[in-house]
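Naming follows writing order (A, B, C and D), and every chain is counted from residue 1.
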Amino acid sequence: MVITPVHYIVAPLIAAFAIPLLTKIHKDAARIVPGIVLFYNVVISFFLMNHIAEHGMISETLAGWEAPWGINLVVTPFTGFLATMVSILGFIIWLYGYRFKRTLKGGEVKFYEILQMMMIAGSIGIIITGDIFNMFVFIEIVGISAFSLTAFYRSRDGAEAGFKYLLIGGFASAFLLLGILIIYTQTGTLNMAQIAERMPEVPQQMKIIALVFFLVALGIEAEMFPLNGWAPDAYSQAPSPTSATFAAVVSVAGVYALIRVVFTMFDVEGVNNYLMVMGFVTMLIAEIAAISQKNLKRMLAYSSIGQVGLILISFGIGSNLAVFGALFLMLNHSVIKSLLFMAGSYFIYNTDDKRITALNGIHKKLPIVSFFFALGSLAIIGFPPFSGFWSKFYILISAANEKYIFLIIGILLVTIIELTYYLRVVGRIYFAKEEEGEPASHRPSINALVAMSSLALFIIVIGVYPDLIMPHIQNAADALLDKTNYIQQILSVKN
Amino acid sequence: MMDFQTLFEQNIEIITIAVYGTAIALIVIGLYAVLMKKHLVKIVIGLSIMDAGIHLLFVAVGYISGGTAPIFSPGSENAATTMVDPVPQALVLTAIVIGFAVTALALSLVIRLYKHHHTANIDQLNSLKW
Amino acid sequence: MEIIAIILLILLVGSILSFLINRVNKNFTGVTAFLVALASGVVFFTKVQSGYQFNFQLAGLDLQWGLTDYSYYFAYIIFGLSVLALLYSIKYMEGKARLGYYYASFLMTILGMLGVVVSQDFVSLFIFWEIMTWASFLLVIYNSYYKIKTKGIKYMIFSAIGAYAMLTAIVFIRVHYDTLLISEAIAKGAFNFEQYIYIPIFLLLGFGIKAAVMPFHVWAPSAYSKSPMPFTTIFSGAMSKMGIFGIGLVFTTFYLSNDPENFYWVRTILGWLGGITAVMGTIYALIQTDAKKLLAYSSVAQLGYIVVGLSTGTELGVMAALYLAVIHAVFKGALFMVAGAVEKQVGTTDMTKISGLIRKMPWTFFVALVSIIALAGVPPLGGFVGKWLLYEALITESNNYILVVVVFFSSTAAFMYSYRFLFGLFLGQEEKETEHIKEAPVTMIIPMVILAVIAMIAGSYPGLIFEPAAKAMEAIGFQNVSWQMSSLTNIWGDTTDLFLISMMIFAVFIIAFIFLTLKGLKKTRYVGTKDISTSGELPKEWENLTFQIDFFKPFERAAAPLYSMNMNKIWKNLGKNLEAFFGFFRKLYTGNGQTYALFVVIFLVVLLLFKDVIFS
Amino acid sequence: MLKKLIVFLLIATLGYTLAVTLSSIPIGKNRIGSIENPETVAAYYLDKSPNDLKVANTITAVVVNFRGFDTLGEVSVLFLAATGLASILYRKEEEEEEENIRHISHRLNLPSSSLVQTGAKILFPLIIVLGIYVFIHGHLTPGGGFQGGAIIATGFLLMLVSYKGFETNHKVMVWLESLAGLGFVGVGVFGLVKYGSFLQNTGWTGNLNDLISGGLIPLIYIFVGIKVATELTNILDILLNIKPRKK
C-alpha cells in the first residue's frame, strides 16, 4: 500500500508548517499549497476507498505499535465514506474560496489558509482515528482553528461569536477529558475498539456517568440543543467559505464523534431514545428560530442545526435503514448547505448587507448564483427529484418501520416550517421588487462557479439517479453497525 | 522512620479526600467563575482553573500506592512494578498544552473584544442573538 | 426507451426549450410550447394504450409506470385542456414579460400532472405530485410578482401539508404492506380503514387539499384568481382533478373491497365535507365582484359536488363524479378563458367596472352563455347530466336526503352567481370606456368555442364521456358499469332522451334568437350607465353607476353570519399564534455567552440527575 | 440572585456527583495489572519503554513514541493557536485603533527598574541553557520538549517584560518554528518510508540511560522543544506587543 491513512494528516501538517516559509519564496504559495494538499486528500480518499473495497478495512498502526498499544487510524467503509466526503467538500470549498480570499479584510491570507486547511484535516482526523484521546486532540485542532476563523474578520461581532464558541468549546474539552478519564480508569486503555470490548465489564454506574460526559461534550460539537448557542453566531460571523466548512465538514465530524462513541464504545440502553428526543428538540427549536431570522447566514446556520437534529433523530432510530438514511442525509446536508452558504455569501458580498431584505430581486444581478441558491433551497427541503428527497424518504421509512408515527408527523411539520422560510428567501430573490438596477459589482469568479456547479450537479444527478451513491452509503451503514467486526479487525493482531 | 507507603496507606482516606477534594473544588470554582463572573478575563481564568482541576484528577487517578515516577533511572532498571501509571501523565501533558493554547486564544479574543466594546463585561456582548 | 419516459422527456425538453427560445425570440415561445404539448399529446394518444406498464428500479425501490383505464381517463382531461389552454396562451400572453418562465413552468406542470396519472407506484406519484405543485406555484406567483408572501406562500404551505400527509401515508404503506405499487397496495388492502386507519386518512388529506375540500380550501380562490388566466383553466380544470383522481383511487378502492356499511361514517364525513365545500364555495362566489374570484369560488363549489359524488361510493355516484370532473374541466375551462378574454381586451375583470360587452365580444358571450348554462346545470347542456346523476345517486342509492338538500341548495344558489357573471360582464348598459373594445383574437376564440361545443355535445350525448368513465370505473373495481349514449334512465325505469330534449330546447333558442334579433334590428336604443336622470340630478363622470354594485345585497344581509365565519381568518390567526409561540423559543438564544454556558451546565446536571431514568 | 442560587445548586450537584463517582476510583490502587502479561496499555508501556525503546523516562516514551501522534497533534494545536492569535491580533492596525489600545497598555510602557533589568540579563542565558538541558534530557529525566520549551519561553518573557524595546528576531523565529515542525513531521515520515509506520522509531536504540539512546526520540523532543519555545515566545510576543508601535 503506497498511500496510508496517515497521509490525510501528514500532508496538511507539512503544508501548514511550511507555508510560513513558502510565502517568503512566493507570495501566492499560501493560497495554492492548501489546494494541492486538499486535492491530495481527495486522491488519498479514492485510493483508500478502492483499497478497502478489495481488501477490507484498514487499521494503520502508528509509531510501529499495533493497536491497542499505539494509536491507530481506521478506515472502514464508514469512516472512509465520511473522510472521502469531507475531503472532497474541503477541496471544493477551497476552490470556491480561492479568489474570495483576496477580499479578506482581516489578517493575512496565510493565517486563513493554514487554519482552514487544518480545520478540514482535523475533521478527517476525528473521523479516521481509532483512539479516544487522539480524537480529543483532533477535536481541539478543529476547535482552535474554528475559534480563530470565527473571529477572523476581527469585527466586533466576529470576536464576540468567537469568544462564545471558545467558551462553550472549552466546556466541551473539559467534559470530554472527564469522560476519557473515567473510561481510562475503568478499562486501562484508550483504544476505542478495546474500550468497546471491555465495556461490558465496566460497572454500570461508571459507564453511565462517563457516557453523560461524552454526550454533553460531543453534543456541543454536534450542535445539539441546548448546547448549540454558539453555533448560529459562529456560522454567521465566520468568513463564508468557513461557514460552509462548519456546516459541511465540522458538524459532520462532530456528529461522527458522537455516533462513534455512542454506537461503538458504549453498550448502554436508552441512548437511542435520547438521541431521538434530543434530535427532535434540536430540529424543532432550530427551525422555529430560523423562521424569523433577518440575517441570511444566521438563518442558514439555524437550518444547519435543524438538519443535524434530523440526522441525530435518524441515528437514534438506530436500525440499519435509519443509519443509512442518516448517512445519506449527512452527505446531502453537507453538499447542499455548502452550496447555500457559497451562493448566499455572494449575495452578501454584492449587497454588502447580511439581511434577507437586502436580497430583493437580486436574481437579475446574479442569475446563476440565484439559481444555485434556489436549487439548494429546494433540495434541502426535500423536494423531489433532488437528492434531499431520498434521504428524507428513507429516514421516514425507517421511522415508520419502528412505528414512530408522531415522529414522522413531527418531522414533516418541521419541514413545512423549513419550507416556509426558504420560500421567503427564494421569493425575495426572485419575486420581490429590486431596489436599484445597478449591475452586480462582484460576479462569481470562474473557480467559484466551478465549485458551485459541481455541487449543484451532484444534487441533480443523485436526485435523479440515487443508485450511484447508495451502495457506498449502505456499506458505510453496515460498517458502522457491525461493532463486533470493528473490534475484531482492530484487535486481531493481539489475539 | 516510617516509610512513605505505610504512611500513605494509613492515611488513605485523608489523602483521597484532600486530593479529590482539591480537584473537585478546582473544577467547581472554575465553573462558578465561568458562570457567574462578568469579567471576560475572569471567565477565562475560570476555564483555566477548571482545566487545572481536571488535570489534577488525571494525575491523581494514575497514582499507585507506593509508586515511583515512571523513570528507569540507573539502579532502578527493574522497578517497573512499583511505578505509577505513566499514561495519565502523558495525557495531562497534552491536555495542559491544549489548555494553554485555548487560554491564549481566549485572551486574544478578550483583547479584541475590549478594543471594540471598551468593556470586558460579558453581559454587554450580546449583539448576536435570537 | 419506454414511450412514457419519452413523452415526459419531450415535455421536459420542451419546457427548457421554450425557456431558451424566449431568450432568442419572444414571438415563438408560445408556439413552441403549444407544439410541444400537442406533439406529446399526439404521441400519447397514438402510442400509449391503457394497460401498458413497465417496471424499473430506482434507489433500491421497485417502481412502475403505466396506464390503467382510470388514469387514461384523466389523461384526456390533462391533454385536452392543456393543449387548448396553450393555444389560448399564445395571444393572451403576447407582450407580457417573462414568457419563457411562464411557458417553461406551464409545460412542467403538464409533465407533473401526466406523471401523476402514469405513476403506478407511490414514490413516482409523490415525485410528480411535487413537481406539479412547484411548477404550478411558479405560475401562481407569476402575476402577483411582488406579493409572494401573501398569496404564493399560502398555496405552498397548504400544498406542502397535503404532500407531506401523502408522504406519511406512503411511508406507512411501504412499511405495513411492503410494497410501493398502487395495484399491490390495493390488493393487500392498504386503504382499508380497519387496519391502519391513518393511511387512508393521510392520503385523503393529501389529495383533498389539492381538490380544495373544506377546511383546506382557503388557498384555492386566491391561487386560482392570481394565476394567469390560461393557467387558471388548467389549475381549476385539470390540476384540481388530480386531487379527485387520488380521492377516487383511495376512496372507491377501500369502499369496494369492503362491506359498505362498515365505512358509513367515513363516507358520511367525506360527503358532508364535499357538501359544505359546495355550499361555502357557492355562497362566497355570490359576493365576489371580480369575475375571476367568482369563478374561483365556483370551482371550489363544483369540486365539492365531485367529492360528494365520490363519497357515495355507488356506481351511479362515482359515475356522476367522473362525469362532472370532465364536464367541469370543460365549462370551467371555457369560463376562465372567457374571463381571460375579457381581461385581455378590457384590462380588468372587475364586474363593477365592465358591463354590456355582448355587442363587442359576441363569440365570447356565446361561449360564456353556453358554459354558464352548463355550469348551472340547465338541461340541454353537459352540467345537467352530471347533476342529475348526482341527485339520483344521493337519493336512490345512499338515502342521504339532507345532503341532497345541501347540494340542491348550492346548485340553485349557483344560478345567482351564474347570472351575475353573465349579466355583469356582457349584458346591461355599455360603458363609455368600453367603446373601443374589440372581440378577442381568433386563437383565443377557437379553444373557447371548442370547449363550448364539447359542453353542448356532452349534453346530448353524455355517453361519449360515459364510455371512458365506465372503463375507468371498471379499472378501479366496479363491475359491469352500465351507461347509455344519449339518454338517462332512473331506477323507476323512466327514460329521458337527451338528444331530443336538446334539439327541442335548441329550436326554442334559435327561434327566440331570430325573433329577438329581428326585433332588435328594428329599434333598440343602446344607453350607457350615465344616460339617466335621477331626480333631476345628472350623475358625475366618475360615479360608478354599474348595477353590479350591491348586486345581491339582500342575500348578503341574510347570509351575513355565514360570511363572518371565515376559514381564512381562522387559519391566519393560527399562523399568528404559532409565530408568537415560536418567538418564545427563539428567545432561548439570548446572545449571552454565559447563558449558553449555563445551558450546558444545566443540561449536564439534568442528565446526571436523571441518568438512571434515561439510560439503563 | 436567583441565578446565583441556581448556579450554586448546579455546581453543588455536579461536585457531589463527581465526588460520588470518584469515590469508586480509589487513589493509589494498582490498575495497571501485571507488567509481564500486560492487559492495560500502561503495563505494556512500562514493559516496552526500557526494554525495547531504551528510554528511561517512560512518560517521554509514551508522549513521543507510543502516543507520538497525539504529540504531533498537540504541537499543531499550539501552532494553530499561535496562528489564530496572530490573525486575531494582526499587527498592521489602522491608526484609529491604536488610539483605542493606548490606555490598555500604558503600564507596559513604564520602564522596569534596573534591578529587574540586570537580573533578567543575568538570568536569561541561564534559563535558556536550562531549557535546552531539559529538552535534551527529556528521555532520561523528568521533563522534555514541552517543559524545556516552556522554560525557554519564560526566559523570553522575562526579557520582554524587563526591556521595553526587546524584540525577538521575527525572521529567525519563523524559520526555527517552521523547520522544527517540519523536522518533527520529517522524522515521522522517515519512519513511514523506512519502516512503513509513521513515527516509527529506528531499530538502533542504544543503551538505557545513555544520553544518546532511544533512537529518534531525543531528536523529536529537541524539535518539539524548539517548536514549543518559539511558539510560546511568539504568542507572548504578540500578546505583549499590542502596545502602539513607535513610528
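In the analysis below, a contact is a pair of C-beta atoms (placed from the backbone, for glycine too) under 8 Å apart; a residue touches a chain by one contact, two chains touch by 3 or more.
Everything numeric in this text was worked out from a predicted model, so none of it was measured.
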Name the chain whose C-alpha centroid is most distant from the C-alpha centroid of chain D.
C
Counting only Cα atoms for the centres, state how far chain A is from chain C in Å.
45
For chain A paired with chain D, centre-to-centre distance based on mean C-alpha positions, whole Å
30
Using Cα averages as centroids, what's the distance between chain C and chain D in whole Å?
74
For the pair chain B and chain D, the C-alpha centroid-to-centroid distance in angstrom is 15
Where in chain A do residues touch two or more of the other chains?
133, 137, 140, 144, 147-148, 151, 154, 159-160, 162-164, 167, 171, 178, 185, 190, 209, 232-233, 289, 292
Pull out every residue in chain B that's touching 2 or more other chains.
27, 31, 34-35, 43, 57, 61, 87, 91, 94, 98, 101-102, 105, 109, 112, 125-128, 130
Two-or-more-chain contact residues of chain D, please, as numbers and ranges.
3, 7, 10-11, 14, 17-18, 25, 31-32, 41-42, 45, 67, 70, 73-74, 77, 80-81, 84-85, 88
Please categorise the chain-chain contact pattern as a line, ring, star, complete graph or other.
complete
So in the complex, the part of chain D that touches chain C is made up of which residues?
3, 6-7, 10-11, 13-14, 17
In the complex, go through chain B and note every residue touching chain D.
8-9, 12, 15-16, 19-21, 23-25, 27-28, 31-32, 35-36, 57, 60-61, 63-66, 69-74, 77, 80-81, 83, 85-87, 89-91, 93-94, 96-98, 100-102, 104-105, 107-109, 111-112, 114-115, 118
Chain A contact footprint on chain D (complex, rising order)
17-18, 21, 24-25, 31-33, 39-45, 48, 65-70, 72-74, 76-77, 79-81, 83-88, 90, 174-175, 177-179, 181-182, 185, 188-189, 191-192, 195, 197-201
Spell out the residues on chain C that touch chain D in their complex, using ranges where they run on.
598, 601-602, 604-605, 608-609
Seen from chain A, its contact residues with chain B in the complex are 133, 137, 140, 143-144, 147-148, 151, 154-157, 159-164, 166-167, 169-171, 173-174, 177-178, 180-181, 184-185, 190, 232-233, 236-237, 289, 292-293, 298
